[in-house]
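Common to both upcoming complexes is chain A, partnered first by chain B, then by chain C.
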Partner chain A sequence: MSELEQLRQEAEQLRNQIRDARKACNDSSLSQITAGLDSVGRIQMRTRRTLRGHLAKIYAMQWATDSRLLVSASQDGKLIIWDSYSTNKIHAIPLRSSWVMTCAYAPSGSYAACGGLDNICSIYSLKTREGNVRVTRELSGHTGYLSCCRFLDDSQIVTSSGDTTCALWDIETGQQTTTFTGHTGDVMSLSLSPDSRTFVSGACDASSKLWDIRDGMCRQSFTGHVSDINAVIFFPNGNAFTTGSDDATCRLFDLRADQELMMYSHDNINCGITSVAFSKSGRLLLAGYDDFNCNVWDTLKGERAGVLAGHDNRVSCLGISSDGMALATGSWDSFLRIWN
Partner chain B sequence: MSGSPEIEELPATQTGPKGVIHDWRKFKLESEDHESVPSNKRELLRQMSNPKSSKDDTQEKVLHKMSVQEYEMIQEEDERCLRKYRRQCMQEMHEHLSFGPKFDVVFELDSGEAFLDVIEKEHRLTLVVVHIYDDGIRGCDALNNCLTCLAAEYSTVKFCRIRASATGAGERFSDDVLPALLVYKAGELLGNFMSITKHLNEEFFALDVENFLNEYGLLPEKELAAGPEEDENADVE
Partner chain C sequence: MSNNNASSSSVAVAQRAVKQLRLEAKIRRINVSQAATDLKNFCLQNAHKDPLLVGVPSSDNPFRPPKSCGLL
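For the complex of A and B:
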């Protein structure tokens, strides 16, 4: 038997072993177990603030860890730092490219980052001595668009790209410390685990992967979706994560069970999900769709608990603050809204 | 009103990174001069924009959202063209969503069937607001007057009202949950407000009801907000 044939057989055996192990611990379904749980009832959120200032569609946003400031990126080629309590703009940062896909806020609050069709992750220092905002680094190296970036701390950032890789960067040197390869399609999104030791990525190859940040290895791979995964977010306790896909479903994957636990879908829903967020307890899952609609799901029971912003589908991106007190949504009409 | 052509579904990929790619392709095809984008490149952009057009639908294309040639087309863009394009994007969305039948009065529904009809049979883009009321219940008259005002201002929204006793489900709507406001679109319940007067002051007006509904994101914008024309003052080096 040729070596290639041997390797093929070995791979097939491993695949079967994984499948059997998953089946063995799959003794029930999440919906069966939560059947007796009270439903969360109808969720109807109210707009508490409207943030006006951008001149075009909001492409991305992220809350700062203080749950008060947030950063938004828009088609108007600007990054704006907002104070969500007062609705004041703290900074308005012009970008070199209007085609920005992602933005991030460092946990310390000292830096913001963004990137998009320019393939570059630009780092901005928000707390310079002079009081203005400066580009401090342009992290280039990806050969595809920058779909997502998330700060680990002031000196490290993780990025995902249309070149099918993710990367951990040393911001000081501007170099990639680690490259995470394995996806066969554009990587669309990433989410850092609460303990910052791992992150999960979702890609156009319909799979999501759990990566060890330190050694660059892919620890687990999850399949199930039948089309591109556009968004991923860790469950608050770090033991699970949810993905949103072009197949019009969101799915909850558990790390210990190594498989899908629940699917969030409805016959009436036919378009892809591009943003997902959990409430602080994880009981609610917010999903933003390609038609600018936003649904609220009961994570445990798998039922829809509400629709955000009922009319005039407006939601282009969303995020929940870390204190769980507010949901921010960006819209095609240039406004951001704060809800709870 | 009727007889206008139906605007097609929004193209897929409007949000997220793929939405950005879609917007960029559209900008290159529609907003830039033909000189800056030669015809063979335009053909590529058109093909990439339309997922079903490609005959040899290879795996490659499914896995990768931007082609190598397209990456090469990314360059500095004319700010004026960009500004025009952004306004055009918002205007198109606004028009798409305000398309549909127009109304200017509050419709009285006289039976449970009429109620079901209005919920299920209206145009899928039409927001339907139903006020369930009854005579002698505090707030119902005032709310009816408010809705009459709003019906004139929000022509794409169909405001209706029905007596609790006429719904055929009178027991469900006991006096203490009236007046109730139910909001539907494309057959789905979007908003459900029992005893809505509890959320309003003793004396309330159309503006209060309007603000209330707006807070829940339930009313459309009355007209497209005219944003500031010049760039914001930036504080970046």
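For the complex of A and C:
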């Protein structure tokens, strides 16, 4: 047998070993464990604010840690910082490239970042001495589009790309500190763990991976979806995460059991999920869909608890503020809505 | 020769795949019953602090316009 054939056989054996180890732990199910739990009942939320100002599709948004400001990015070539309480625009930042696909707000509130088809992650200082907003760094190195970026702090940011890799950057030097390789398809989304030591990524190879930020190693890989994963988000306690996919399902994966615990789907739902978020306790899973709606799922029981209708086009992004008080949704209809 | 280059890079790719699979195979796993119970308990313990789950009274909701007082 050639070396290549030997290696392929060993890989197959290892995959079977992982499958068997997971099966051995599969002594129950989340549904069984929560069978006796009261369902959450009907969850209804109303639009409390509509943020108007973008002139084209909104592709991304993220709340600031103060639960009041938020940043949104649109292919009208603007990054807008909003005060969600008053709906005022704090900053309207013109971008060098209008083909933006992601944006992020630094935890300190001092920086925002965005990027897209330019393959670059641009860092903007929001609190310059002159009072204006300007680009302080352009992080280039990815050979594919920037699909997602998340600040660890003012000096470090993690990015995911259509070039199948993720990267940790030192914003000061503009260099990649660590490159995360392993996916075999465009990486579409990433989510930082609550303790900032790891992150999960979701990709067009239908797999999601858990990465150690410090050493760059992939610790775990999860399969199950049958199409591109567009969104990932950590469960609030850091022990699990949920993915949303073009296969019309969301799935909950547990890190310690190393397997899928629940699938969120319905026969009537046949379109892709673009974005996912958890409510503060993790009990509610919010997911944005291509069919213009947002569904509210009972994380523990796998049942749909509500629908948020209101956008006139695809819901492309959503997020829950850190105080858990509100959900923001962004859409191709150019508006953001704040719900609770 | 290009043939050799192609086959040696396939071998390198396969070696990396095996190395990664070895790492992933040896992690410690807990039972689904334990994992699921912990998730359930986390949700229940934090439910009262989850505004979207329990609802937000107008007085505490930064997004709800205050009710006007009709004193008539």
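Keep in mind that, in the parts below, the second predicted complex is superposed on the first by the 328 of 340 C-alpha atoms of A that agree within 3 Å, B and C clash if a C-alpha of one lies under 4 Å from a C-alpha of the other, contacts with A are read in each partner's own complex, and residues count from 1 in each chain.
We take it that a residue touches a chain if its C-beta (ideal position, glycine included) is under 8 Å from a C-beta of that chain, and two chains touch if they have at least 3 such contacts.
Predicted model only: the values in this text are computed from it and were never measured.
In the superposition on chain A, A:H225 makes contact with neither chain B nor chain C. In the superposed model, A:I338 lies in contact with chain C only, and not with chain B. When both complexes are overlaid on chain A, the residue A:G282 reaches chain C alone and has no touch with chain B.
In the superposed model, A:A326 lies in contact with chain C only, and not with chain B.
Of the two partner chains placed by the overlay, only chain C lies in contact with A:A21; chain B stays clear of it.
Of the two partner chains, neither chain B nor chain C is touched by A:H142. Contacts of A:M45 after superposition: both chain B and chain C are touched. In the superposition on chain A, A:C271 makes contact with chain B only, while chain C stays out of contact range.
When the two structures are aligned on the shared chain, A:N237 is found in touch with chain C, with no touch to chain B. In the superposition on chain A, chain A positions 45 are in contact with chain B in one complex as well as with chain C in the other. Of all residues in chain C, those touching chain A in their complex are 7, 10-11, 14-15, 17-18, 20-25, 27, 29-40, 42-43, 45-47, 49-53, 56, 61-64.
Listed in rising order, the residues of chain A touching chain C in the complex are 3-4, 7-8, 10-11, 14-15, 17-18, 21-22, 24-30, 32-34, 37, 40, 43, 45, 48-49, 68, 84-85, 182, 217-221, 235-237, 239-240, 254, 256-259, 261, 279-284, 299-300, 320, 323-327, 338, 340.
Those residues of chain A that touch chain B in the complex are listed here as 42, 44-47, 52-53, 55-57, 59, 75-78, 89, 91-94, 98-102, 116-119, 124, 131-135, 144-145, 147-148, 162, 164, 184-186, 188, 204-205, 228, 230-231, 246, 268, 271-272, 274-275, 288-292, 307-317, 332-335, 337, 339.
Interface of chain B with chain A (complex): residues 10, 12-21, 23-24, 62-66, 71, 74, 77, 82-83, 86, 89-90, 93-94, 97, 127, 157, 183, 185, 188, 190-192, 214-221, 224-225, 227-228, 231-237.
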